[in-house]
Amino acid sequence: MITSFLADQALLEDIVRILFVFVLITAAFILSTRNIASLLTVYAVQSFLLTLIAASLYLIEGSEKLLAMAALTLVSKVLLIPLFINVIGEKIKISRDLEFNYLEPTASLLVSMGLIMLSYVFLSGFFDEYVLGKLFFVGAVIGLSLTLMGMLVIFSRKKVMTKVIGYLTMENGVLLFGIFVADLPFVIEILIVIDLMILVLLTTILAIGLDSTKNEYHKRLQTLKIWSGREE
Amino acid sequence: MNASFLLFTLLNTGFILLVSPFFMSLIKKVKAYVQGRKGPKLLQSYFDLRKLMQKEVVYSPNSSIIMRITPYLNLGALLLATLFVPVVFIPNAPAGIGNVIVFLYLLVIERFFTSLSGLDSGSAFGGMGSSRLMSLSAVIEPTMIIAFAALAYVLKTVNFHEMFAITAGSTIPESPTLSLISISLFIIIIVETGRIPVDNPATHLELTMINEAMILEQSGKNLALIELAHAIKQTILMAILINTLAPFGLATELTFTGIVISCFYFLVKASLLAGLIGLFESSIAKMRLFRLPGFYMMAFFFSALTILMEVFI
Amino acid sequence: MSLLEALVYGAIIALIFGTILPLLYRSKNTRKASFSLSFFSSILLLAFAGTVLYTGKEPTFPAFGFLPGLNFTMAADRLSAGFILLIAAVVPGVSIYSIEYVEYAKSEARKDIQTVLTNLFILAMLMVVLAGNMVGFLIFWEIMSLSSLMLVLHDYSSEENKKAGIFYFIMTSLSTAFLFMGFISLFRLTGSAEFGHLDYAASILTLPFLCLFIGFGIKAGLVPFHKWLPYAHPAAPSSVSALMSGVMLKVAIYGFLRFLLSVSAPEIWWGVLILIGGSLSAILGVIYAFRESDIKKLLAYSSIENVGIIFTGIGLYLIFKLEGLEGLAMLSLVGASFHAFNHALFKSLLFLCAGSIVHATGTRSIEALGGLIKRMPRTAALFLIGSVSIAGLPPANGFVSELMLFQAYFYSSALQDPLLKVLLIITLSVFALTSALVAALFVKLFGITFLALPRTKCAKEAIEVPQPMLSGEAIPAALCILSGLFSNRILALFGFDFGIPDMLVIGLLLVGVCGFVWLGVRNTGFSKTPRRSKETWGCGILAQHPTMEYSSIGFSEPLIAIFKKIYRPEISSTRTYSDTKECIFKDGTTKIHFPKFFEKYLYLPVAHTVNVISFQVSRMQNGKLGTYVFYVFIAVLTLMTFTRYFA
Amino acid sequence: MIVLSYLAVGAIMLILIAFSKSHRTINAFTTLHTLVFLAIGLYALLNTTVPAFETGSEYFYVDHLSIYEGLIAALLFFFASVYANGYVESLIEAQELHRNNLKIFYLIFSALLTAATLAFFSDNLTLFWIFAELTTIFSAALVAILSAKENIDAAIKYIFIASGAMLFSFIGLTFLYTLSGEVLGSGSLNWTVLIENASLLSPKMMTASFVFLFIGFAAKSGIFPFHTWLPDAHSKAPSAVSAILSGVLLNIGMYGILRMYSIVRQTQAEHLISQFLMGFGLLTIAVAVLNMLWQNNLKMLIAFSSVEHMGVILLGIGIGTPLSLFWTLYYVLAHSLTKASLFFSAGILHRQYESNLIHDIRDIFSLQPVAGWGLIIGSFAIIGMPPFPIFSAKLFILLEAFGFSKPLVFAVLLLLVIASAAFARFLIEAFTRSSKEAGIEDSETPLLPYVVKRGMKFPLLSIIFIILALGVFFPEFLETLLNKIVYELGYL
């Protein structure tokens, strides 16, 4: 039964579509959630959704690489990175990111709808020549808009931790886009993930310095007169 | 330097030197008559000069060598200038003698050093005189240049000798435009010799004086030399006007009779002109200092008009 | 390598050594040697330039492979030789003067640096004139600007000098920017960096012409780009002011002439533009000079005026040339070049003397001076020669070049176009006004500085400067007189004959007549008249006092009144009264303020606009990551839209 | 071979550094690392037939451009590592850098060199992308290593902006991959393959992919409006690091843009992209110089000047003629060296005054004459005064730009005037201040001259010597090398 279920292309595509919707929902959560722990959970869920999408695609297309990618995503983004961020987050002892720049959550949601539209318009201008399957096209649109929404998160949230999650969302978007548009060599994928891991490692460590509520950094600020420039 | 030019140097310069003080007295006389006075003797200027030559020279202790060389430089420059304006005959002069621009700048030498000597003794009068003289002469300069440029335009040469050689051939002005230039030249004489309405040569009142203020500190023979230079300047400027407007009688060749006739005609014409200047001075009031540029503009207008007429007609 | 080239190489090598030596061995003797080298090099250059001008033989220099596809070449034709002659005439005096003058610098290091930079400056100016192509020209042009900039900043502690430095730098950068533009467009047009004949229609050359006109105009100090001169000259050491004013401005004129003479078919409006620009600079330069009491600022404005006269001559040249009057065109061109030469001489003389005065009295304000003729008689005599030359009194050299231009004007009746004639009449009267005002200006400068009683203690206690400085001043002074007297001979030697009056005759006659008068007075029985030096009558005052003397601003007052439309003086006064009804005057001050027209209406608005924009733009950099990412976000969206619709 | 030796040497050096104890040996190994890289580059230049593929035809490729950029990188790292010896010691003494972090500093420094070099030798654009990302991370770590709050802040900005923008590059790469797949049957991101088949690529898709790639590379090299991280990062980093940030890391982005442009150049999208690049170049210059004008922070000023120069280089690439490419490449070299000299001088001043601010600098000629003059000469060089190399490069780039647009050239010239004015204003204000005028509180504590550590003057002086020599004399081999690059990029 399962095999027949898995062989049903149309059903699989429907499932992927449903997953798309879930991805967008997670993105909306990431835009508006104030609690960092739940943000992290949402991110993990989003990554898991990506894993599922990759796996479904494997079933549709049959490319081994997609399966490997799904596994890679599962290990790195669903497990390792959230775990790591969680550890750091507990160290900093902040649990909430309450402030927003430029866009309040409701406004961000509206804007992100606009972003989806823009991505659609943009991509439709280019992929009309190269016929991409409808599903693939939607995937690309979702991927691109997810990337832009990640950026939205980066600039509209204050704490570095949230920004990191925003960046990770962007990365997820790019991954989604990549899955649906092209199939890159797997070595490259691994390298990218390694790169991502180092980056997250570094930024979260650095976040200790910035998001920390402790005062020791402010003390050092006075002994060093580096900070300067016009904004004084 | 040929013999003719040497002779010219002696005759022309000597003649002008000789007659210049006469015109000074003449103008004074005319003015006096108009005012109902008797006026000085016609030869009074000569007596004055002789008296000054014999008097003691007093220098201010503040003054410097400038004060001492100015009289000589002044008279020297003007004597040189006499070579540029032939009144006895038109010689075969070396290149450059007679050049309008050199002539104008010889007058500038005189002005330059007079002004310096005015500043030399440190008196407020002298400074005032120099300041006014230099300012006003700067403003009259375009008029002079344009007047002489107009001459050059009409007569197609920049040399007085050649100009007068052209005008002397005819008894009436060569071109109607020349009579327009004459008006500017007349005004220039008034301005350059410091006469009413520009300046009052007879006063030592600080509000009005320009020329006199600068030579207040000069005395004795130095003053005599300056006065003489002043008289010469007046004569040669008059000579230019006469040779432009009423050139008849000027000898173009070196002959004895020609020279005599030239001298005679010049004396007559210059006396008439001097009388005219005297009348003009008497009939007009002294202008306020800062109204003078307007007066100069009139002269400028006439000269510029001349050129414009030459340009467009 | 013939002797001719050897002379140039010798001069260049001497200057290079002069530049490097003080860096290696730091002592007074090295500095002396360094200036001796520049003196020596100018002698070589004199020989070189003289030969080239006389024989018309053009030396050939090997090209030096410098950049890919581009050689550095040197070339010297008669035009460059003329300007090399100018350099060679100014440098000796400045070198000898500097030997002593440089020792007044504040510290050993500054003395060395001043020596090095002065030599470098001279070298750069020489190389600009020698440069065979535009790139070489630009390179040395920049070095010239930089070395002079550092010299302007030599006394960097004063706030005023800092401002002068920045301002000079900005103006010189602007000048270079315009030159870049002009040269680049020429380069694109001809496909080569060489200065060659430009056989193109004038409409094609409009852009390069305008760019080069503005570029060289800025550097030469043409109104309205003149503003840097009165700032930079007072800030620089006087020997450098002499070089800047005497030579550097001429180098700009050289560049402009180099371009202009290579154009085969210019248009008449070029000439008109140059003529109007020149006349405007001339008249405004001297009018602005009149209000100054700072001796070096005054001289700087006077440089603007002289540059104006030179440009007037160039403008006349173009107009006459295009109207087919070759003779008059040559007369104007040579007149302009000769004026450049003369101005180099007398302006360097005047700046050197000004340096002596400033050194002896410690002030640049002539209001504080007076009576220096008694304390510094030699400087006074030299300064008088300079004043006489610049005022254009015959037979000094300043007169000759003005005479040539006047003569060109006077003969312009041969022009056909009536409108051009009218233009010439107007500019002629402006020119006349200028030259008369210059005479007035230098009466003021010489009179207030040197004559009458000293106005302050510093003037009272001034002592004559040492001999080397006087010798340094004596060289240009002698050259002023000689080049005036022998102007006809010199021009004839170089193949120009315009039939202008022979100054030697005039000069001899003048001396003769003056001598005659003197002898006449002495030997005709009046020599026995007594003479006395005694307080003259002063309307009842007890003794002459300096405060009674005419001051600099007092001297200028009539002209300020006449030209009040240009000066727009703002007079403000405060008064206090001894009584409540304000009848009895107690105390008060009056200030005359001259608004700086170009600064107020041209420079400051531009600077202000740039500042405002700069401020707004730098506010973008607010230090917040959110904002920065927001920019990226917006940029990405914009680019997406752009690509969608334009690709 | 070359890439492998780079990799091997990089790895060995990392190990050596990791196991060294004293600062001296660590620094010596780092310097050795740079020298070996330099030697490999030279060897490759002289003895190996290039262009050649390395490690199969998949990932690495050696041509003259990569060697050239690699050599510049190695050279600058060499100077920086020599400089770092004294400079880092001073930082430790001043307690700005914790001694425990010393080894990490050098490890990252070394890794950064390896990553940067490998980026230049990547044939596969994704690989290039990854190495570029790695350099971002490493250099951000170097910025943050001083662990002052504003350093961390700067590093965070750097990472978020550069890496965030790089993600768009990745989207661009995906586009490119699809595009090449359409044409070639199977997709490829190898530059060599792409440029061979460039004429087949659809201009429309090419434009889209170029624009996306541009976003990332522009952020990497500080092009407006992605430049915002640059002034912060470059000014907060230790000066030895600032020098390589400006001198090497910006080149990586430019290298990417250049490689991409050389592909675009052969398609019909060339015209649009060329205008696009020139427009961004102009905007970048404008924004940079306007930020420079009243800048009160020395290192900020120098950093903004980097932005300005990246604008000029972008302009040079955008013009797209062989001559302009030639001079743009030369410009890259000239800018890297000059900028390094400026940062080295600024570093010495920073040690002296413990500040980069204009009003803290005073008595410079008595306290730090070498750095003062270094800064003056460096400023002359950076604003494009002869006889420094930027002058001729600028001249020829503008000369080529003139063929495209006269107003553009004119605008650039005027903007460069503002840049010069900014430098002049800063130097004149800062260098003419003496402690006598500075005020009361300053006169109580007279400044002691900071003893410049061993080796800090050497890089400064040698760079000044090199740029002077380069300005006066254009070496033949450089000309050949640059010509070969122009040829290999398909310009001729």
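Note that the chains take the letters A, B, C and D in the order they are written out, and that residue 1 is the start of every chain.
As a working rule, a contact is a pair of C-beta atoms (placed from the backbone, for glycine too) under 8 Å apart; a residue touches a chain by one contact, two chains touch by 3 or more.
These numbers were taken from a predicted model, which means no experiment stands behind them.
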Give me the two chains with the most inter-chain contact pairs.
B-C
Farthest chain relative to subunit D (centres taken as mean CA coordinates):
B
Report the inter-centroid distance (CA atoms only) between subunit A and subunit B in whole Å.
99
Could you give the separation in Å between the centres of subunit A and subunit D, each centre being the mean of its C-alpha atoms?
30
Centre-to-centre distance between subunit D and subunit B (centres being mean Cα positions), rounded to whole Å
78
Between subunit D and subunit C, distance of the C-alpha-averaged centres to the nearest whole Å
43
Where does subunit C touch two or more other chains at once, residue-wise?
618, 621, 623, 625, 627-629, 632, 636, 640, 643, 647
Shared-interface residues of subunit A (touching two or more other chains) are 126, 151, 154, 163, 229-230
For subunit B, which residues are shared contacts with two or more other chains?
none
Quick one: which chain pairs are touching?
A-C, A-D, B-C, C-D
Quick check: in the complex, which residue numbers of subunit C touch subunit A?
618, 621-630, 632-633, 636-637, 640-641, 643-645, 647
Provide the residue numbers of subunit D that touch subunit A in the complex, in ascending order.
95-96, 124, 126-127, 130, 133-134, 137, 140-141, 144, 146-153, 155-156, 159-160, 163-164, 167-168, 170-171, 174-175, 177-179, 181-182, 187, 189, 202, 204-205, 208, 231, 235-236, 294-297, 300, 354-357, 360
Name, in rising order, each residue of subunit A that touches subunit C in their complex.
101-102, 118-119, 121-122, 125-126, 148, 151-152, 154-158, 163, 229-231
Using the touch definition up top, name the residues of subunit B that touch subunit C in the complex.
53-62, 64-66, 72-73, 75-77, 79-80, 83, 94-97, 99-102, 105-106, 108-109, 111-112, 115-116, 118-124, 126-128, 130-132, 134-146, 148-149, 152-153, 156, 158, 217, 220-221, 225, 289-290, 293, 300, 304, 307-308, 310-312
Hey, which residues of subunit C end up touching subunit B in the complex?
370-371, 373-374, 388, 391-394, 399, 402-403, 406-407, 409-411, 413, 418, 421-422, 425, 428-433, 435-437, 439-440, 442-444, 446-448, 450-453, 499-503, 505-506, 509-510, 513-518, 521, 526, 529-536, 538, 544, 546, 548-550, 554-559, 561-562
